[in-house]
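The structures considered in this document are given below.
Here come two complexes built around subunit A, the first alongside subunit B, the second alongside subunit C.
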Partner chain A sequence: MDNILRSLADIVDETHVSNRQEELFIYSFDLGTAEPRRPDYVVSPESVEQIQAILRLANRNKIPVVPLGGGLSLAGLAVPLKGGILIDLKRMDRIIEVNEKSRYAVLECGVSQAQLTSYLEKHHPQLTHSEPGAPPTATIAGNLMIHGQGDLAQPYGFNSDLINGLEVVLPTGEICRLGSCAVGSEWFTNHPLPDINVFLGWYGTTGIITKLSMRLFPAKRIRGTGQFVVDNEELVPEILFKLTHTQMAEDIIAYSRAIPPFSDGLQHITVNIAADTEKELEWKQEVLWDDTLGEYIRNGDGAYLGFTMGLERPQISKTSDYKKGGGFEYVGSIMPIEKYPDCYRIGRKISEKHNIPYTVTGRCVGVGHSMMFAWTYAFNRAEPDTIRHAKEALHETDDIVVELGGVIWKPGIYGQKLIMERLDPATRELMKKIKKLLDPNGIMNPGNWDVK
Partner chain B sequence: MDVNNCPPYARFRMETFSCGGRLWLTRAWLNTQIEWSEHLAEILYSCTTCRNCEIKCPLRFNVDIVNMVVAARSEMVESGRLPSAVKLFLENVELQGNPYGSSRTKRDAWVKGCEVDYFKRQEYLLYVGCTASYDTRAQKSIIALTKLFQKFGISFGILGVQENCDGNEVHKLGEEGLFETLAEKNIALFKKLGVSKIITFSPHAFNIFKNHYPQYGGNFNVFHYTQILVDLIKNKNIIPDSRLQAKICFHDPCYLGRWNNEYEAPREIIKNIPGVELVEMEKNRESALCCGGGAGNFQIDLLGGSKDSPSRRRVREAKASGANVLAVACPKCLVMLEDAIKSEELEHTLEVKDISEILAESCNVD
Partner chain C sequence: MEATLYELKFNIEKCLDCPSQACLTKCQYMNIDSKTAKNEIIKIAQGEDSFVLHNCVTCYACEEYCPMGNHPFYLIVERQEALDCAPVPRPLIKRAIKLGIPFRGEPEIKPIDGPALNMGAFSELMPLIQGKLFENIPVISTDARKMFHYFCQLMYLHYAKSSVIKERLPGIINTIARHKPTQLICFHDECYGTYASYCPAVGIDVPFEPVHFYEFLFERLMELKALIKPMNLKVAYQRPCSSRLSPDKHLFVNRIFELIGVEIVKRTYSDENALCCAGTIQGQRVEGSRKRARELQRKNIEDMKKAGAQICVFNCPACFQTLGRVVSENGIKPIHMSGLCRLAIGEKPTGWR
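The block that comes next holds the complex of A and B.
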């Protein structure tokens, strides 16, 4: 056994560390199009103390470290580009506290979306969290790390806006707490201390989130989804504006897709509504469909497709099997809502060029303040040619996002490079200083957010 | 979804031991991206075929996940490269008709003093199975069942030393050739003896007789013993009359529940016992956590030796339910969970009992 492996085994135990081909292979890729890169070691710690020890060991030996949550970013963000130690954080999966009155949960970094959902349904049915459309094994911390959004994004914004506090292990091994938990033992707010949160969106290059406090929200007794459809993409921005004005929706998503064929070219708008009583639900439906969107029906521009009780989770990842073989990746962007028509037309054009059935989706984030617009490209993991097409389509879309004035969401290496080229020089310099200060040996997820 | 419902993943917490990891590794091995290794084989054989993944996976190929694992194991068998424990398991079955390697001649040693008849065209063949034949703890539960049957007039006989391994585990370990030999021999014997109705003590035998033997011409009416007992209770042939002051939770065996959709018969029996309160563990019915003994793992033991072993997780769940009795309806679960109770040092607060033992107690069957 080599010295590093021995040291890692001393920190965790022999079961939870490996440099065998099987583990190195499995942890070399994600489900997207990123080229596989094998780590040198895989380790699965169960405590913050073990993470501290691993980072100190890595620093002493100047070995790259890549933290991994659910591994579902699809953008290769936890592919170990420079090898080193891959830390699988999913073993740290304790739900530490749910504070019902103050509506927050304190979680370890490996807690999955489904784990929290089922825990709340069972123990705190009056509370819910903003669950993304990712597969259920996606971790809460991973989603926060990439500024994810969930199905409460319309009223409450990005999930990373919902943080009440963080515990982070710095690259050099110190534990740092942010928010009220830094002052006392309570995790109820992230304010009003000086904001020194330089960990979200950094993909682990500034430290490893080990605990977090996240806001929870009232779970209404009745939840369901209404559908509206129009055949003109130009109408979508004003419809989203009107719907968000009502402040009655939990989630608003506009989408268009080539499959099934009859829906090709149509713009569907799904609206999640929640209510505690039938009366409240009826009133909200009346305001949304009759008062707000009735004019589109009367003018012959749109149609109300009905309301389905209950929420189907997850939703977005359903397009993943269009090409069979379980591969799909998307470019996400944060865009102004008025860009929806351009985004749709461009996505359709790129998809057709690469012979991929198009799927585009725009989720309102905040009260129409922005949308997360995604272009999805399915491919067959067993067919290299479809992977190549998907990769080219993704890169072309990254370029378009920047041209349209949007910001690429959770960019992979190609997208990060595009952003860095356009980033304000002073901002870039600040990023460089922060990285140098926190990670003097440059061991943390190297290759990501490289500042030259 | 609880990822810890996958027994190997719960035990090792590495992606390689998850359902998806196992399938990707299989693909990589078949595509020569990785080479065969003992570790790869152990990853593949650590799957207990509990079918939790099939129940939980939303993708369309979910019904074939275990088939894919078994097919990959068949490839390993074909290549002749198996973990040593698996090899020994299969050798023992071939030589002695049981995975323990104990002599065939001792298969009915447990009968001494029980006055159990051998099969001579009684209504039912009681198929005892390897675990209840050879494991001293499981023997107590089969004895309880035979006494219940005798008291309440069930016409049954056993095969004694003629009984051979049912082959369920052999099939799941990917040894198709040996399985076919076992199935054909067993079917020929059953037919020769005039068997038409079979009661199995083990859900594993129940599964293979019911779902696989018909492909080899073995069409018998197959029952798990809990299905017979629950009918006797419903028809008032059995009236449990002795009060048992117990809080009981029931552990669903994978091959009774997820494989054969029988969740209610054991629970109905428990509910009909005076003084008993039936409580549920957090993971129950189709979400039940496997004891870790399936697909030969009760013997090859690739999942043991840790507080994260599925059997130890399961008895902690049982303890958390508030129960003082953990009821089972499978001899493999019985042995696995009893060992786990000792490892968890819960002997003074929780005991494992087979449904047959609980009912016998309530019916004053000595």
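The block that comes next holds the complex of A and C.
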């Protein structure tokens, strides 16, 4: 056993550390197109103290460290580009507290979306959280690290806007708390202290989130989805504007895709509605479909497709079947909603060029202040040529996002480079200083957000 | 296009001779007197615009009401298309047309040379055709990925698109014919209506004998009569729009109910006066259509409750999808006819509690 492996085993015990190739292989890739790279060690801590000890060990030996949640970013963000120690955080999965009256939950960093969803349904049915529609094993903390959005994004914004506090282990091993938990034991607010949160969106390059407080929201008794369809993409921004104006929707998503054929060339708009009574539901439906969108129906430009009880989580993973072989990756972007028509047309064009059935989706964030627009590209894992096409399509889309004035969401290495090239020099310098201050040896998830 | 080969056999003289104009006077969704009815149907037959074309909810019922066998509903749909006044918005029509496009490979054709049960575009509902009633009957369109190769297309009557039906239907018939069925038992009565009513009305040849699903069920129940235990349930029947194309087969509803010992409750909205599930109405262009659909559903279900129904029996999967939940929330159990028949012979249909 080498010295690092022995030291890691001393921290977490021998059963939770490995350098066996078959286990390193599992941690060498994610589900997207990123090139695989094996870590040298994988370790699975169960406490904050163990994480502190691992980071101190890594710092002493200048070994790269990559924190891993669900490993589902698709953009290769937790692929250990420079090897080192991969810290699998899934064992830290305690739901520490749910405060029903103040509507928040304090969680360890390995708690998954499905775990919180089922816990709330069972123990606090009046509360819900903004569920991103990722596979159920995606972690809450991982989603925060990429500024994810969930099915309450329309009224409340990004999930990273919904935190009440964080506990972070800094790259040098110190524990740091942000929010009300920094001055007392309560985790009910992130404000009004001076804002020093430099961890969200950094992909773990400035520290590892170990605990977090997440805002929860009223779970109405009835939740369901209504659908509307138009055949002119130019109408989508004004429809989204009108729908968000009503402030009656929990989630608003516009999408178009080549498969199945009924969605090809058409823009579907799904609207999640919640209500405690049938009366409230009918009133909301009347306002949304009859009053707000009625003019489109009457003049024949838009159609109401009906309302279905229960929520079907958005599943762009279905696209992985388009080329067989189960592969897909997408470029996400944060865009003004008025760019929807351009984004849709560009998505079709790039997809057609690479012979990939197109899939585009735009989710309203924060009352239409922006949308997360995603272009999804399927590939067959067994066919290198389709992987090459998907990669090229992804890079071309990254370029287009920047040209359109959008911001690439959870960019991979190529997208990060594009952003860095355009980043305000003073901002870049500030990032560099922050990074140097927090991670003097540059051990944290190296290769990501590298500020030269 | 092939569609132009097929012309609706509609005889305006029959309308002129009609003593009742029942096609429009009996309409449950428009209040039309006999004089207006005659004027409007003649206008429609002559290719002129009419308020009927704009306000039709496409419930198919006028096909049944017409005492002259003159296909008023098929005519209305043809005129809606010709005059570009479809009752539903344009994107809904485009969506529906694309919905029927097969996109998951070619069907596997296995010659049968005998009777076959056709699932049409409802391959996903194979659980509804399990058990003794369906033993030894070859089934076609069993693969949901390929079911649109067997899609009868008649749904496009709701979308003012007769042209799509005429264009695609000969190909669908050809696909089915390659299985060499002598008799085609149609799981959905819209398929039966297509082959038994629409095809003759527009001159499309059908090289097999269509059999109504209920006629098949009745005959199978007769064969298995020894297994039937009277159910002593009070049931309501949700009659679908497509059954208006085969009113001569509607009698099998009562025959089956009688055979399995269920009592059909006396309702205002049954048989000829049945109300549509309103699934199509909610998406129509006429102002207030969504609320109107809700109101019709409420009226329909209140009628079932008032009559004391314990069970609501569905024929059409689309009606089931539209009304099933609401029916159930009102304390009435929804079930497909095949499920009810399986219960009667001591089997437990999928999902039944």
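Points to keep in mind about this one:
Following the convention adopted for this analysis, the second predicted complex is superposed on the first by the 449 of 452 C-alpha atoms of A that agree within 3 Å, B and C clash if a C-alpha of one lies under 4 Å from a C-alpha of the other, contacts with A are read in each partner's own complex, and residues count from 1 in each chain.
As a convention for this text, contacts are C-beta pairs under 8 Å (C-beta built on N, C-alpha and C of every residue); 3 or more make two chains touch, one makes a residue touch a chain.
Model, not experiment: these values are computed from the prediction.
When both complexes are overlaid on subunit A, subunit B and subunit C end up sitting side by side without clashing. By the touch criterion defined above, A:231 lies against subunit C but remains apart from subunit B after alignment on the C-alpha atoms of chain A. Annotation: apex subunit A, arms to subunit B and subunit C, angle 70° (C-alpha centres, rounded to a multiple of 10). After overlaying the two complexes on the shared chain, residue contacts for A:290 are found with subunit C alone; subunit B is out of touch.
Applying the stated contact rule after C-alpha superposition, one finds that A:264 touches subunit C and leaves subunit B untouched. When the two structures are aligned on the shared chain, A:44 is found in touch with subunit B, with no touch to subunit C.
Touch criterion met: A:27 reaches subunit B, while subunit C stays clear of it. When the shared chain is aligned, no partner comes close enough to touch A:191: not subunit B, not subunit C.
Contacts of A:422 after superposition on the shared chain: neither subunit B nor subunit C is touched. Here the smallest spacing between CA atoms of subunit B and those of subunit C, following superposition, is 13 Å. Annotation: subunit A has no residue touching subunit B in one complex and subunit C in the other.
Those residues of subunit B that touch subunit A in the complex are listed here as 1-3, 12-16, 21, 24-25, 28, 33-35, 37, 39-40, 43, 59-60, 306. Remark: subunit A residues 229-231, 259-266, 282, 285-286, 289-290, 294, 296-298, 300-306, 309 touch subunit C in the complex. Subunit A meets subunit B in the complex at residues 15-16, 18, 20-23, 25-27, 42, 44, 71, 88, 90-91, 112, 114-115, 118, 136-137, 321, 326. Residues of subunit C touching subunit A in their complex: 86, 88-92, 94-96, 98-99, 101, 103, 279, 282-283, 285-291, 294, 322, 325.
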